[in-house]
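By written order: A, B, C, D, E and F. Residues from 1 in each chain.
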Amino acid sequence: MAGTDDPMTRPRYVGLPTFMRAPYAEADWSDVDIGLVGVPYDGGVTNRPGARHGPREVRNQSSLMRRINQATGVCPYELARVADIGDAVVERPFELTGAHDQIQAFYERVAAAGVLPLSVGGDHSVSLPILRVLGRGRPVGMVHIDAHCDTGDDYLGSRFHHGAPFRRAVEEGVLDPKRTIQIGIRGGINDRDVWGFSHDSGMRVVYMHEIPALGIDGVIAEARRVVGDGPTYLSFDIDSIDPAFAPGTGTPEIGGLTSFEAQRLVRGLSGVDVIGGDLVEVSPPFDVGGNTALLGATILFELLCVTAEAVARRRH
Amino acid sequence: MAGTDDPMTRPRYVGLPTFMRAPYAEADWSDVDIGLVGVPYDGGVTNRPGARHGPREVRNQSSLMRRINQATGVCPYELARVADIGDAVVERPFELTGAHDQIQAFYERVAAAGVLPLSVGGDHSVSLPILRVLGRGRPVGMVHIDAHCDTGDDYLGSRFHHGAPFRRAVEEGVLDPKRTIQIGIRGGINDRDVWGFSHDSGMRVVYMHEIPALGIDGVIAEARRVVGDGPTYLSFDIDSIDPAFAPGTGTPEIGGLTSFEAQRLVRGLSGVDVIGGDLVEVSPPFDVGGNTALLGATILFELLCVTAEAVARRRH
Amino acid sequence: MAGTDDPMTRPRYVGLPTFMRAPYAEADWSDVDIGLVGVPYDGGVTNRPGARHGPREVRNQSSLMRRINQATGVCPYELARVADIGDAVVERPFELTGAHDQIQAFYERVAAAGVLPLSVGGDHSVSLPILRVLGRGRPVGMVHIDAHCDTGDDYLGSRFHHGAPFRRAVEEGVLDPKRTIQIGIRGGINDRDVWGFSHDSGMRVVYMHEIPALGIDGVIAEARRVVGDGPTYLSFDIDSIDPAFAPGTGTPEIGGLTSFEAQRLVRGLSGVDVIGGDLVEVSPPFDVGGNTALLGATILFELLCVTAEAVARRRH
Amino acid sequence: MAGTDDPMTRPRYVGLPTFMRAPYAEADWSDVDIGLVGVPYDGGVTNRPGARHGPREVRNQSSLMRRINQATGVCPYELARVADIGDAVVERPFELTGAHDQIQAFYERVAAAGVLPLSVGGDHSVSLPILRVLGRGRPVGMVHIDAHCDTGDDYLGSRFHHGAPFRRAVEEGVLDPKRTIQIGIRGGINDRDVWGFSHDSGMRVVYMHEIPALGIDGVIAEARRVVGDGPTYLSFDIDSIDPAFAPGTGTPEIGGLTSFEAQRLVRGLSGVDVIGGDLVEVSPPFDVGGNTALLGATILFELLCVTAEAVARRRH
Amino acid sequence: MAGTDDPMTRPRYVGLPTFMRAPYAEADWSDVDIGLVGVPYDGGVTNRPGARHGPREVRNQSSLMRRINQATGVCPYELARVADIGDAVVERPFELTGAHDQIQAFYERVAAAGVLPLSVGGDHSVSLPILRVLGRGRPVGMVHIDAHCDTGDDYLGSRFHHGAPFRRAVEEGVLDPKRTIQIGIRGGINDRDVWGFSHDSGMRVVYMHEIPALGIDGVIAEARRVVGDGPTYLSFDIDSIDPAFAPGTGTPEIGGLTSFEAQRLVRGLSGVDVIGGDLVEVSPPFDVGGNTALLGATILFELLCVTAEAVARRRH
Amino acid sequence: MAGTDDPMTRPRYVGLPTFMRAPYAEADWSDVDIGLVGVPYDGGVTNRPGARHGPREVRNQSSLMRRINQATGVCPYELARVADIGDAVVERPFELTGAHDQIQAFYERVAAAGVLPLSVGGDHSVSLPILRVLGRGRPVGMVHIDAHCDTGDDYLGSRFHHGAPFRRAVEEGVLDPKRTIQIGIRGGINDRDVWGFSHDSGMRVVYMHEIPALGIDGVIAEARRVVGDGPTYLSFDIDSIDPAFAPGTGTPEIGGLTSFEAQRLVRGLSGVDVIGGDLVEVSPPFDVGGNTALLGATILFELLCVTAEAVARRRH
């Protein structure tokens, strides 16, 4: 497939930046297995905004990506038909629950087309409308890599914000807490019980300060044990990675994963039955130098690899 | 009043940054004539957010300000009692009209205390709740310096956003369009009639492309003619100034005023019966180098000077 | 044409960034009057590279553009069919004359399709292959706005580089020096005769230091006089504008035009028989804050307006 | 104590930035156990200045801090009364020893009020006047985390500078070298004996290149062994951390600690009899993106946690 | 003289960056008419430091300069022998008056060698030791372009700082106030009389707010009138230029000259009997993008041109 | 040797920045053992240019280096005579193979003078002309630390580019693949066989994902085993280090070495028979904050230490 007409082999600075230089399919999704989706919405942030600009910059930097994962040997494009299927546009961003409804409507169309979505936020609140579609009638498991559990309660007068999506997802029956693991949790908290819902509902919380003892391989083993072989969503918040690697995010927490550890974590999920995923909270206005978007694109590629493997397995 | 204990004569990098190094009076406003207020809210922006961080950075940079305006000779602190009276905090930022109600409630308290407010946004939508208080029962005139008329209609599903406050203010009877002038308007538009409300309601619109012919002095004369000697609000959007001088804003428009022209414009309003004002749309995440916040602080000082003159005149 | 499906009225941060949010037409150009083209090539620079990244960032920032020029009333989309027709990709960037041949081949296709090109560089050497197509058999006039005459001779061992395209264009008979005006020239020179070709061939050179006396209106009059009503190319080098406004360029020269003056210059060309144009030398790696690309997009919009007027006139 | 009036639960971008959003107590310190102090002075640097701006930016970024340390469970505000007690202002910054005298005078007042100080520099020379107060009559032990031993001799004509405070402190009898450990030492040296004083006086020097073999836990054990249960000062130079994490400092040394390792080191000091501490050398002019100040604030919070434990222990 | 071995015609990014790519003559000054000197000292600043790094970055950016001034036709290298003669190194930077003594000693050597110095600061306090040499026995006139008069009195406990050099120079009899003009003065002041010394001693102060009425040509005429044909020093503080053009400085003041106006001002001094000059207060740590240093280099080239003319005149 | 006239002991911000503050010897190399060379050429990059500016900024930041390696005790200046011998200037940068010829000619002179070169690029293509000189008649071994094998084939129409030098070096018989190890390889690839030449020719490729299992000590042992005691070239591409530490490079690959690991790797080569080396791909336009150049200077110092040891050994 490589050749002078293959966008992947052209100089990286030419043309329109689709995710991964994959074909752009805004209208007809009939030939798409995995759809890369932008969700340019950050109305759910509680501090520093800007993640609405995330999809565009991740697309931009993803031109540096290539076809084959050198560490794992996986070429996702050989395993599945991958396309950039455009953005879940929020036409009415001024109202949070309505915005979530618009996002959900987009994913209803995605699901109806039989496309598995890998999404790029936007803030973490967008995982909720996605899970409402993907977990409907069958709560999914989740590997959640993040500095924060995001299982908080009402804050600043709202039930819905980027610190609460997974509490709501459990309450709404679309996420199975027993098959959920949260990795990289750290930072200060204002309330000892702020993430109590995670523990009470049965999620496995791997705090950052546990990781030196567990090792990355230990964390991977724990993640595989928790999610088992059921359908699993992958949610990767870029703030799981230390701000030295990922300054471009809204709620930076000192003392996070290195980008290499993050890559190893995602690679370790090979074999999990991935049914969707997201990469969220890249906030370009805070991304001095643009390498957070590049990191986001790289993590997205790792997510794509393990997802394409799952797609290929299900085909057989 | 100057002395070793005067914060104004200390090294500028010490202490907590109140606006202008003025005293901080969060609770008791009985001795305050002019209150400098932060409005850290940007829920009304339609593109690039970040103005919620404006008050903090304008405060920070305003430590470079001093007591006396060398161009006009005015020392506002000799003419009026000036204090930083804190922020109009929005506790529920996720809902736009509710946020505006919270801001309005703060200004009700300000007005009840007999304090004249000079505010630092935040996005331009915050001018509406302020005008609801200051123009209640008596629509005020306005000198509005901006790249945009901000008299648009519903957009992205909302009647209220940072492109519409002055249409709503006229409709609500708190702003007198016949005594309103808008200066610096420029940039592309998507709809020929987007600012039609300004013209239809009788506002004087001074487009940027008219200014070479008018000259700054001509614009000043026009502004003074329009507002006359009635009560007048000053609203200064930092995007009126060219992005070379003010990169830190959400809706930059190429081809604007120089900062020196902007200073001259505000100085030219000496003698106007100022009853309040604002400086809005400083967006620190886009403020490479921090000089937009410094420019904002400097314009705020100019606004303070003409306002203090008005306060002193009314006292006599 | 405006509506919820019109990309121009969507939030600016969504979707793929085509030039001006115009439709993307990489293959079929049969419905296109004016083609916006990227030329991501900077192999002709003699100092700081990076303009190869110009098209992508100008596309990115051009999402802030809108449909109608508020200063002139022109809506180019009502006067002509405008599309982003993709990039003139250089597949073999390591060799300068071959690269120029590849660019020329692209423009042969553009011309064959009856499309008028407005191009975004790339370094200024790319104007030569474009002019080879547009001026073939009929040397064109030119309004050239730049800090440098770009009529130099061999440098660093090459006849072709970004300081020489217009000397070569005259020598090759595709540019009429008598109908060429160069505006904004300034900066130091190493050789008194470096731009001698401009003078000797009959070009009108307007140095920056002449402009205070001429005034912008005087310069416009001079430009219109020089090019008359013959076919005219517009070449706008972003370094004509002062580095405070346009830091993102390879050969910055202190003491240039303001962006507002540049806008007025281009607007003053309304009525000229424009047959093509370019906006070159935006170099994103040096564009702290990204506003040079925004400025480039804004100048491109001004070029588009006067070009669309010419297209519409020729149709009648 | 949490509630809508608690500054810690408000949006982080509002209000004046005191250290940690703690109460500001510039005048009355009678209810304060631990005082957070700014020392905005950098007259002792030998290369790149700017640390005078450190306290302000650490305050600014510390608004992202919260109440409870998730890794250790410690809430310092439950264990001690914490306040921001303002800056040790140097009124005469042009003369180094006089400046130190002014700083010392401030700490005399702090000590007299029975307040334990945690300070934010400023350059490292400020530790000397602090130790002169805290170690008077009873030399204290120290855990010193830094890229440099700071036990140098006269340099550039001065006995006092940011590379020498701890030599002077030992000479003046306020620091006990036998109970001092220096961690993270690295980088080139111009003189083999530059840190000879550390070795000769009996300090334990842990070079960066020893840490892979020791492990962070090994370093912690060594630190606890050295300082024992006597009174101990904590001095944390941000340049101990690698410049990728902490670019905003005056003397960056490649190859340092990660921020996570630094957090673990400080947490490992729980139980030490802390009698004061400092976080120095954050230099905002070099802090691209601002995350060094955020890192400084985070380390300050870790220092606060182990200090509050010591305060609480001494109370019982 | 141009040729492949001429550093001026080589690619600008090669080699060691001497000022203007002039020959470097650290030891033997016998063949030098005009010596370009760095004064890397900023111990006299009262707010934001960093100008100590100015000489190095101005040298770096000055590689973009060329041989001939296109606006005036002057080639300084044809009129005088120009060399980079190194730095006036302050070996003991911790003490202000001693530092000034060291600087003065360097200029004694410069004067003894018959070299006319053009200096690059460093903060503005360094003009004093230079003037002590150049004005000894014969007070010189001065064209001083700056945002501040720098004729203040004691501040922060010191008689000598970057806001006072010219008061001290007059008091010491090395500067003739009657032949001194100060141009571009603006910004707030804390004391109505802060620049009283300028007025009382007979200096001509041209405030920024006077310039629109005077015009640049009027200011030039005034400057020529004031200094007449006596020996004249040129002192150019980069903060005279607006922070949009010159962000990299310690005391930015909004509303300054454009860089083009500054160039025209200096060019207008052709014919003045220049006996030395300086370009001060470029502070690289605040110079986002590096263009302030480029602007400084460009102004230095303009100063060099008028100075070389004076040298050539005196030779005949 | 240290003293007030030793550039190494002066303030680091003074003077012209030679590499390491070593003496500058552009003409006479008779007293030089190790020559530090700049190769300001980036005509071989396939994506983001800018490495042509690398030598200048590495020189600039290398002023922070000192004389003695604290981790190893080595003082290279005691073991060998070290000088900055200037740049391998490419006079004709527009043509790739000719440029390489010019670089080669420079190194012929270096070799003829008996100087061992340590070079600073420039892009990685420059290693080829260097190896053509150093490996002539006797293919050398190599320790190559990089994210990419750089043994690719023709790309974008050229046999020579920064992704292919070591394939060409083997083919030309100047590099011994059996004695070559490549360390840190990672990132995506477009062709499974892109680095097939490395494997087929017998190079040892240590992928990044192997390093957690090997450990840094294991990698060092492997490197020493591969190169043995034959003559060995060291080639260090800064992109081997993670972009968080080294953003200033043209082809960043997420998930690289830490700078500390890189230091340990180079230190582990003590005892290898080093006959030359390079540090390439520092690209200042992408180096936000300048610390990539500082990192480059630090790695260069480590290379210098192991090289000086080899020089000293060979002398005995």
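We adopt the following convention: contacts are C-beta pairs under 8 Å (C-beta built on N, C-alpha and C of every residue); 3 or more make two chains touch, one makes a residue touch a chain.
A quick note: this is a predicted structure, and the numbers were derived from the prediction, not measured.
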item: Mutual neighbours - chains that touch chain A and chain B alike; value: C, D
item: Chain whose mean Cα position lies farthest from chain C; value: D
item: Pair exhibiting more inter-chain C-beta contacts, B-E or C-F; value: B-E
item: Most remote chain, CA-based centroid, reference being chain A; value: E
item: Equivalent interface positions on chain A and chain F, same or different at half; value: different
item: Separation of chain B from chain C, taking each centre as the mean of its C-alpha atoms, in whole Å; value: 38
item: Interchain centroid distance [CA atoms averaged], chain D/chain E, Å; value: 40
item: Chain B and chain F: spacing of chain centres that average the CA atoms, whole Å; value: 55
item: Residues of chain E whose C-beta touches two or more other chains; value: 11, 13, 48, 52-53, 91, 93, 156, 242, 244, 258, 286, 288-289
item: Set of all touching chain pairs, with the criterion as stated earlier; value: A-B, A-C, A-D, A-F, B-C, B-D, B-E, C-E, C-F, D-E, D-F, E-F
item: Sites on chain C touched by chain F in the complex; value: 42-44, 46, 48-50, 52-53, 91-96, 98, 156-158, 160-161, 285-286
item: Contacting residues of chain C [partner chain B, same complex]; value: 2, 8-9, 11-13, 64-71, 75, 216, 242, 244-245, 258-260, 263-264, 267, 288-289, 291, 294-295, 298-299, 301
item: Residues of chain A touching chain D in the complex; value: 46-48, 156, 185-192, 207-209, 212, 242-244, 247, 251-252, 254-256, 258, 286, 288-289
item: Chain B contact footprint on chain D (complex, rising order); value: 4, 10-11, 13-18, 24, 38, 40, 52-53, 55-56, 59-60, 86-87, 89-91, 93
